[in-house]
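In the two complexes below, chain A is the common chain; its partner is chain B in one and chain C in the other.
Now for the complex of A and B:
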């Protein structure tokens, strides 16, 4: 790649010429947007999906839709086409909107690009019992970025819900940075209803300090091209649940990419990713656990299971364990297949239509991921969102 | 009631049922006995409409109406019930929710009223007790972690619950102890009635002591090679299938 001349697409031309001069602009200009030829993006050709010219987004035009997640008593922060709308704040949390701090983030060009946006900083000190709901609303056909930085102080507790509610064909580029201080704990849910025409990249960078705990689940229903990338650093004795569920119909795509680095000993990771692909949809899972020589006693499990429900549907998966320590327990599993014909016939013999039997088995398949969501009310809302997406 | 006429079924190009004919009048219990691989389960799947078991020729009718070409759930709504030889476990599917949904789907197809959750629960509990399944088992996903015997009890629970017009019981007795066999006898005898029929597939005389058949048929090589009264069970136990398979050849 080095030195190979790049012919920019119409979108790249416009995007790159609008960037402030500096390292980010240089880095992006030298490589172009990631796509088919970039190893980490080989199944999600962002460059091709964004080929056409596209301007910066104008103001959000629609009215706010009903939220796909309705956590009781939540503090709701709206981001409409990249513009923040902040409510009055209760005690126990500090929120500020700061000037951009452009930063080159390693192996994350899209995240770097998002650092050109203003930073919404959220700080939680003690236990903040009110769930924080960030609703990112996007419409039109332009592009915009947003950046959220959440810090949970040592031994603090917080709950963060994030939605991507997209209509039309925009390209939002979101970045969530999270630092969980020593012994802190965070429950996080990310939900993305279907957005057939939209391109979405959401990068999350999480630093999980010593003894901290993260319980994360994502439900995504895909788009023209959607990538949810989570990059974590886990420190000594931290515990992480890193689950995801996707259901894709039509020609939708969703890429779930996760990368966990172990920077201490005795960290625990439990990852269960499940997906359902119908019609001509395309699912992607890339998971990597990178266990350095010093990260002894790491206990990490990664599973990805996909249901392929039509001839035209496809799923690409690359689960990877990169282990340099000798005293660790790490495992991964990966399967893809159709619905069990024996179970289908059994259910139908008992009177269920083909559609009902299929629905029951698909919900049962997904149930394993959703059952791990601790909050009963949220779990029920996720189940409904999953079920209502077409089979 | 159930009429099978010249039924020929091929699996992957191999003939498994060979112009088989059999008739079970309403109110009767017929037994089918036959060596392993003779086509007994194939016959039950064909009647129930399992994909891949479409007949090459012949017909299966219930009360004069052909079942061939109907979907499995349409046959179920018409009253065809199959107690599976090896019932599947379905992780993630809640047992009671599934069975209530299935019962109401059948009832809706027949134009009958929905059964309320409360009424369902009452009936379900009674049957569960009859077949000897404890409440903790029923809270589990369907057949999840069940032993072979427990799965057969679950089949009998469903027989009692769905009250089908025609039930096929495919080796329900295999893997059951004496008490469980007696339970199967109780469930079936309770359901025996002038407008209901049973086809009981078994290898052993034991079950037939609890469920007295009106007729016994020997299935070998994909056809009925011999039929007789209840006394045939003892003859088979005594002399094996060979006496009749030889006769057929």
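Now for the complex of A and C:
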């Protein structure tokens, strides 16, 4: 773009001068952080949210909070303000922490930035029955990054849970890279309890190989600015469920952005994203299915439904299809609105208080997403987290 | 037309190609008349030349010059999902008029070549005027009806409005329907009040360019409480080589008025690309209703993507008054590259906007089209139905915005976009933006992308239709919801156009 040279914010100034010289530094310096004027970030102005100067995060000061997710017998990996704490490992999984491997990742400046952190590699061969829980704990007001690379070998099976537990006003920038080998399967759950003062960007890059299966759900309760971006490549006959649920109150913001590229034929995608926005909260959904020429027989469905429960709340959505193959079934649906007054009337007339009726309808609205989580125990925990966030 | 085929005889492939092209784009004839053109290129002098030619008042020239100076500082937008070589704005003519002069006492003074041209386009211009008598004939509505034609036509040939029919009957109803250059002279206050109030000269690159160099177009004013007695129609035709057409249309429906307006476009086949950057502004005051229908059939270029029109158009309606309504219906089959988003600003309470669209792209055509519905008033409603058909190696994008302001209590939107792909070398894309700031609004959007059903094709062909006829039938069925929104005169033409546009896309 032709235009005046960028004037860096105090945050950018410090961040860019601290970056090791190379392509990543060059790319970021030429563009600055993405913001209102960046098409892919127009509703999530990261640049404005990070205007003030921040130092690198210092050591995590608090004690570990109770985990929002408690999967039975899980292997728990802690990342406190970007510093890893690794437990003893059972058989069937290999974990290593390696020096940074800076990489320029296309269309994902923040993910590129996170590649300047050390890489935690997790390798699963065969079936690893123990769920892996990555707890990312952040506090203070600095900035830190982390990078996780999970490889599930062909025909392997794994379960990955990730939490972002944030207190204070830090800016964590996380990157999860996942390669699902041929015929492999992964169940993934990402949970982020509310963090009103924090800015969080979590980019996930997933390569879903032939015949592989991904079942993913996310529950996010927002922050000052929160973006969960998932970029997938789906190969021949792969199957993906890519769900998300958000509930935002106060001034919180959450951006769910997904981008799916179809590189093979016959891939299937089911995406259901639902959100509730209260008070002055701002919800964002951006979805894109990009069906390459030759990716015939792709069957992809995208839905986003939002409930706006207060005057002052807002929801912005951009469900996009980009299709270059003719023998495909692709659809998207998007709705936004208030609670159905007739349903409210029905419940009130049955003797429920307004608050109870409202709560019931909101839970029912969210229930459609949560019902698709296969593990009953996990589903119950997600339901509780969702309900406990204020209506 | 036959000559063109003969010229290419001896080269078998080329001959076949020529015949095929002729059958595909039947409006691709060039009318042989001398014309007066502004010097090639775009400078302040060009702007002054156009303004002087039009005998415009000083304020109009100032408006143009302001726009031109602003345009020079702008960059051409690149965000649309279309690709074309850079446009050399200095390699165009910005004004061309038939040499005989722009003003005609009567249709008899119009060069017969031009009349023939319109006849070939199927416009009953001469017929209507002859029946009514051009000079001083006292036309009555009854006579007009007997003449079997109830459409008033303003025809724009290159840069100049050639003839406006039915003026007298319209004048009786108080309806002003004339070329915009005439209107600037005859109704300067009205034009000045509304021109640029919906699409300001500062709006976007092409609108700014249009404000600087617009050559002609149509002005419609329907006074308070008047239901326009007939449909109004404009036919645009680009004839000159290397000429851009920059028409400007302004429609004002005063309180309680109603008007239905039809617009058709064609251009001859040429190897080089021609630029068309029009602006259409609609103002609907309290309780007014405007129905705007377009059949856009500019020359789309040949099968290899050579030639064709660049159609970069800004169309916007301002539903200023309460309970006003504007309905856009478009059938887009032509142009090499289209960039067009007819929009509604729903300002008045209970105002309504509608957008019905069929876009067909074949061969190497590219279209990035859609709408914007901006809900500002309470209980405003909008409805979007867009049908896109891509064939050959074409690419098509639906790009739309539905924006609900916090004050738009109880606003309602329904959007449906369906895409159909014919062949595996084309693309169909959907880019809807939804911005909702009202907790009492209800918004629905759905989109599907699919190919023609093999079963339906088989069924139709097994009943004796050949493949092309079967495809045309199914595509017409796919577009049904939009076709039925078109006025009668256009509906028939549009259905045929659907079939013609898809010729050569199967097999």
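The rule is simple: the second predicted complex is superposed on the first by the 388 of 391 C-alpha atoms of A that agree within 3 Å, B and C clash if a C-alpha of one lies under 4 Å from a C-alpha of the other, contacts with A are read in each partner's own complex, and residues count from 1 in each chain.
Assume a residue touches a chain if its C-beta (ideal position, glycine included) is under 8 Å from a C-beta of that chain, and two chains touch if they have at least 3 such contacts.
Treat the numbers as computed from the prediction; the structure is a model and nothing was measured.
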Touching partner for A:62 - first (chain B), second (chain C), both, neither: neither
Which of chain B and chain C A:350 touches, first, second, both or neither: first
Which superposed partner A:250 touches (first chain B, second chain C, both, neither): neither
Contacts of A:342 with chain B and chain C, given as first, second, both or neither: first
Of chain C and chain B, partner touching more chain A residues: C
For the chain B and chain A complex, residues of the former touching the latter: 48-51, 71-73, 75-77, 81-82, 84, 87-88, 90-93, 98-99, 101-103, 105-106, 109, 141, 158, 162
Footprint of chain C on chain A - complex, ascending: 2, 39, 293-294, 296, 306, 308-338
Partner chain A, residues of chain C touching it in the complex: 75, 79, 406, 419, 421-451
Contact footprint of chain B on chain A as seen in their complex: 340-343, 345-354, 356-357, 360-361, 363-365, 367-368
